Structures are given as structure tokens and as C-alpha cells.
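Contents: one structure, followed by commentary.
Chain nomenclature is as follows: A, B and C, assigned in order of appearance, with residue numbering initiated at 1 for each chain independently.
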């Protein structure tokens, strides 16, 4: 379990996160939603150990500040929102970087094929020999995900669940690849790992998340299951725009329909 | 996956399409290692004088009596002129090239070169301090450290510049290319200004040492110099491969490297100290030989890719070959006189640098 | 006959006659080496080359350094580079039987290596005064096995020098001379004490306008004005034209001096002026004549 307890982050004088409490259980996909500037990415960076914070964050009961980098790397993998790459690495080489310090959990013999398997999972078969810099933004994002998957390929290692921290994993993907990637995330959770993902698409959130955290102004505005959280009033208040939340007849899950702000809905 | 029993050429072919360039890289390293041996052997026989390296080798192996008479002149030429120079060429060439590659990995930028960003100038300032003040205010230091005073002070000079450079150019794990190059210019200018002050107070004899040394040359190669610098440079060359995986991860940025399990802060500290020590040692014995640190890694990246596990050893080998070759040119082209090697490397390196700039203009635009 | 001990004898004689000129003692401090075989000599230092040619032994030379540009025959010899930047292998590549080098040849490492071979390496001292010239001629002559001819040359040079020095030392109002090595970037690089330029200025009966500075140093503008030289002395450079003279006098510091106001500039060939070899007598004479006009030639 990843637990954040009363976590606050300041950048300069500005308070970005103000006393956030948060929990991500293994076996679940936890979505973080909220408007721009609400503190989603800062929360993710605090969970990844990238920014200094007050309060306490633990992973499997261990304070993340006390973890050695390689210990943390064996417990969680992080997909950043933007990943710059210096030097002309091939796609294969980038994915293989995922094996730098973590523990994939597969045998040494299998590990040699792991980059190819990871690329196949993100629908990039045959891209191994291409240069990373020559790919489109969406393709690059999937290469990065393949790299992240290599790091903790087995969702559970020696009985300990592991975590994927994904900052907007589908932001530049087409609909087909959004679904492929979200399916990977859900499968990871179903096999016993934990997933924390920042998402902008509320319908993908409704479809895939077991648990939703709504961030607003640096605090948690609400948390719970999608049907508990994705309500007309809360969404309107948080996103400050008209939204209509309906229920899908088949699964009974919510769906969100954006409305024009300037004109009244037809 | 295909097993390793395939022939080398087979695996090279396979490597291309699979994006795994390590088979090619291993082959290139093997060839470069052979190249070092061949170049060293050729350098031993090349020179202004017609000394027979073969006769000297025979003399070493079989002793004086069995091998027949050996002229002292030939023995001195091979043993005291060419051999220390070749060793120094190998040390300095591999040291500068590997430092360049490591520095580029650290700054995540192919333009970082010890000469361009002021590290060499800092080392020069340290070395000049010893040359000029070694007899007066720094005399106690020289008395204690002996032949190691020069490389040690060069190391301190380059360390200070590298630390300042890193502090100025890197903010929150992101290195600004423009800031790095501009800070490098400023730090070079500062180091040279301070060097200028020392040059001003230097006496005539020291001045001669200085001008000779500032041009960059292996001509001053002697066994004591090889002995003084080789532990530092060899230590750096041996240490570098241990940084390779971390430097690879650093290509994705500091934060991602940390997520991948790399102890980033420690890696940065170790690389900065290593680069400073190696550049310091190189500059202390050979002066300002430029462009090796930028040309060699860049050339290799074109063939074997940027993976530091292969790039670092390959850079050391190619650096050694290039400097030995450049030195052979400098020794023979205007024989019986000699062209400073810094001129040879700059004549080849500067146009190459411009070519990189042209190719990568989009990346460098500020 | 005289030959065996003559060098020493002449030196003693010389010592006795040159007290007025000063530091002759240092020139005689080292023993002169004799090359066992002087058939193939490398000469490092313009003065040495000039002396060897003046002794009529130019044929023994197999290489020279880049400062050896007189006489013209020297230019046909292979050049082993600048005397302070020697390549030891280059020097050895001409298969010399002996190396004659001015003190201060380098780099140190190269000289150390050369001394390790069985090729004799003779260092010739460099003193920029009257005694130095004579001592050097004798030392070179001894080394190449021509002590008698060296003695003749030395005594001739010494005789001429005494003659000139007798005249120049009689001068009461000594002119102040500033030797300018270069004016690069408007900065005046001038000669202080312990330089060849200082030596020649004093021999010519003038005083160095710069005091309290050792070696060749860059001068502040105010130091140039303070020195207030009557004459500027410079070396002629190859391919030079009149423009650089104007440039010199356009320098505000130079313009503020007597030399600047009266456009007093003397230019002489560098090797001739600063070589301190057999030709130095003529250089001294020429310089003093150009400084003092007919007052010097009695």
C-alpha cells in the first residue's frame, strides 16, 4: 500500500499541496483527476520522491525518504508526463534502460527478451530498431511505458505488490492506444500490483478506475469509487464548467458529457 | 530470441533490425583494441631518426651481449623518447576522450568538452600556479608532494571549474545548454586571466616552460611524468565503466534516472571528481590538447550508439589511437623540428566541431 | 706553442683589461668541453652558428635551430626548430657527433634526454656583455677543436670591442633608450635588466630607460611616459612596411616621450643586434653612431 499522510509541498512561497491524505491499495487502479494546477502532478512527484514535502509518505510501510534509490526502483516505476532523451538511442535501448536498477522479476534468460515483449504489449512491435527521437509523441509515450513496464514486469515480487505511477499515460494517444494502455494498467492491478494514474479523461476514469481522488486547489476535494465521486455537482464545482453525468445502462457506471460554457445546452 | 551461437556478422545484422547495437559495439571495441596495439607499434618505428625499434626490442629480450652491439643513440630514441611519448599519448588520449564522454553524459549534451567548458583552463591555472610559484610561495607544497604537485593542483583547478559550472548550468536536474557553454566561456576567461597574472610574475625560464606547455604537446614526455600521471588516469579509466549504466539512465533526465534506481547525487559527485582528476592529470603533463574529448565520443556514437557501457571503453581506445597518430604526425611532418600536437588536434578538431554544430543546429538554438 | 693553454691565458689577460666593463667572472665559470669528434655538429643558438661560420668551420654543421639565420649559408641547413622547443629525436635524427647549445635551450626534458645519449652536449653560456662574447667565441672554438682560430677571432673581436667601448664609455650625457620587443594590441613589451637588449644598450654607451624591471615585460602606459626615452630601439621584421612606425608613434604613451616627440626610432636586425656573437662589435658601433652621430667616431 502507498500511503500519504498530511502531505504538503511548497514551491517557493506558494503552497502547492496542503495536507493531502491519500491511499493506493494493491490490486486497484487509483485515478487522480482535477483541473490544471490543482496539484495532481505535484502529488505524483511527491509520491515518486522527486520533491521535498512535509508529512509522511510510505510504500509497504516504509518511509520513501529512507529508501535507497535501487530499493525504491524495485518497488515502483514512474512514467513521467514528459520524458526528454539526450543522445540518439534506439527504441530497444530506451526500453532496456528500464532494467537499469530495478528488478523485473523474471529470470535472467527471459529478461533478454523483456524489451521486445514490453514493446509488443504497448503495440510497438517492429519499432525496436527505430531511433527514439524519430517517433511521434504518442509513440514515444508508449516507448516510455514499455520502459516502465520492464522495470517492474511482475506486478508482485516475492509476495510484495509493486506500483506503477503514471502521470497522464494516455494524454497524447489516439483512442485505440488509450484503451490498450489502460487495459495494461488494469491488468497490472488485477494481477495484484497497484496503479496510480493521473487522468484527464473522466470517462476513461469512470471505465477503469477502482478509486478516484479529485484534487482541487492543492487539497483532496473528494475520493471514492467513480460512481461516488463523479457527480454533477462535484464535477461542476471542481472543473467550473457545466457537465452532465449520466449512467450507462449496461454496466451502471457513470459517463460524463461536457456542455458548452458560452451557450446553453441544446 | 536467437541464441548467441550465431556468427559475429550474423549477430551484427540481427542487431541493426532489433535496435540492439551491443554486438556491433563489442566488435568495434575489439577492433579498436587491436588498433591501439598496431598504432603503438607503428609509432614506435616512426620518427625523425632512423632508429631501429626491432634492434632495441631484441636488446631488451636477449640482453646486450647476445643481440650484438646497440647504439646508445638508438636505445635513447626508443627507450627515452618514443616509448614514454607513446605511453603518454595513450594515457592522455584515452583520458581526455573518456573524460569528454563522461562529461557529455553528465551534462546530457554532446558538446560538453573539457576544453570548451573551461575545465582544462582551470586545470591549466592549477598547473601554472605550481610552475610559477613552486619555487616560492608554493615551495612547501612541492616539497611534500614532489612530482604529484603538478597533477594535483591541476586537479584542484579543474574540480573548482567543474563544480561552479555544474552549479551555474544545472537547475533542478535540467542542464541548460546555453548557460553551460556561456558559463564555460566565462570560467575559461577567468582562469586564463588568473593564469595571465601568474605569467606576468613568471621569470624568463618559467615563461619558456609555460609557453611550451600551453601549446599542448607530448614532447615533454618523460618516465617520471608517465609515472606521476598514470595512476590517476588509469584509475579514471577503470572507474568509468562503473558509471556507464547510471550515465545511460541520466540521458532520460535526473528524475527518471533516480526512478530507475540510480543514486543520482552520488553519480554526479563521482563523475565530477573523476573528470576533474583525469583532465587535471592530462593537462598537467601535456598542456592544452583540445578537441579529443569531443571528436572521439561523437564519432563513436555514430557507429555504436550512445550506450556508455560501450562508448566509454571505445572512447578510451579511439582517443589513444588518435592522439598517438596525431603525435606521430607532429613528430614527423616538419622533421627534424616538431609541430606542437595541440595544433594538429585543433586543425582536425575545430572543423569537426563546426560540423557537429551545423548538423545539430536545431538542438543548440538557444 | 701557445695553443694548449692559450684559451685560459687569454681569459686571464682579458680579465685584467676588462674590469671597467664588469661581470666578466661569470663567463669563465665553467670549464669548456672539447668534442672528441667535431665532424657533424648541431648548432642551437644563432650566436653559436655565427661563431662557427666566422671560424670557417661552417662545413662541420649538419643542422641548426630556427634562430640561426646568419650567415645565409646557415639557412641551407636542416632546421631542428626553435631553440626553446627542441625535439630531441629531431636533433638526433641528423646523426650528430656533437651538439652545441646556448644556455636556455629547451625544453628541459628534451635537453635531459639529449644528455643521456653518447652524443656530447656542450652548453654555451649566455652573458650579454663584452666578456660574454669573448668567452663564447673561445668556448665554441675549444669545443669544435679550433682553439687557435678562436683565439685569433676572440682577440680581434676584443680589440674592436675595447676600441668601441673606450669611445662609448667616455660619453657623458648618456641617451635613454627603450627597447620595444613588440607593440601588439597597443601594449608596449619592453626589455628590462638581464636581457640581450639591455646589454647592447649599455655597450653602446646608453642607458636602459626602464629601471627595476627584469626580463621582457609589458609596460603600463604611465611607466613608458615615466621612462621618457630619448630613443626607441626595435628589431626589423620580415615584410614590414612604414605603417608600423606610424602606429608606434601613434601610441599615446610613446608620443608623450622625447623619442616620440622627435620621432627617434632605431631599427636593427634582431639576430645582429641581440645575437652577442662576432658581429656584435659592428652592432654596437652602428647603434652608438645612430644614437650619438659623429660624436662617437673620432
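Assume a residue touches a chain if its C-beta (ideal position, glycine included) is under 8 Å from a C-beta of that chain, and two chains touch if they have at least 3 such contacts.
Please read these numbers as outputs of a predicted model, since none were measured by experiment.
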Exercise. Between chain A and chain B, which partner chains are common?
Worked result: none
Seminar exercise, completed: Maximum distance between Cα centroids and chain A occurs for chain C
Seminar exercise, completed: Expressed in whole Å, how far the mean CA point of chain A lies from that of chain B is 44
Problem set entry | CA centroid of chain A to CA centroid of chain C, Å | 82
Seminar exercise, completed: chain B to chain C, mean C-alpha position gap in Å, rounds to 41
Seminar exercise, completed: Listed in rising order, the residues of chain C that touch chain B in the complex are 63, 66, 78-82, 84-95, 104, 106-110, 112-113, 116-119, 194, 214-218
For this session: Flag every residue of chain B that touches chain A in the complex, lowest number first.
Result: 1, 16-21, 108-110, 245-246, 248-253, 255-264, 301, 305-307
Problem set entry | Residues of chain B defined as touching chain C within the complex | 47-51, 71-73, 76-77, 80-82, 200, 203-205, 207-209, 211-212, 219-222, 225, 331, 334-338, 340
Seminar exercise, completed: Residue set of chain A touching chain B in the complex reads 45, 48-50, 68-70, 72-74, 77-78, 80, 83-94, 96-98, 100-102, 112-113, 116, 128-130, 151
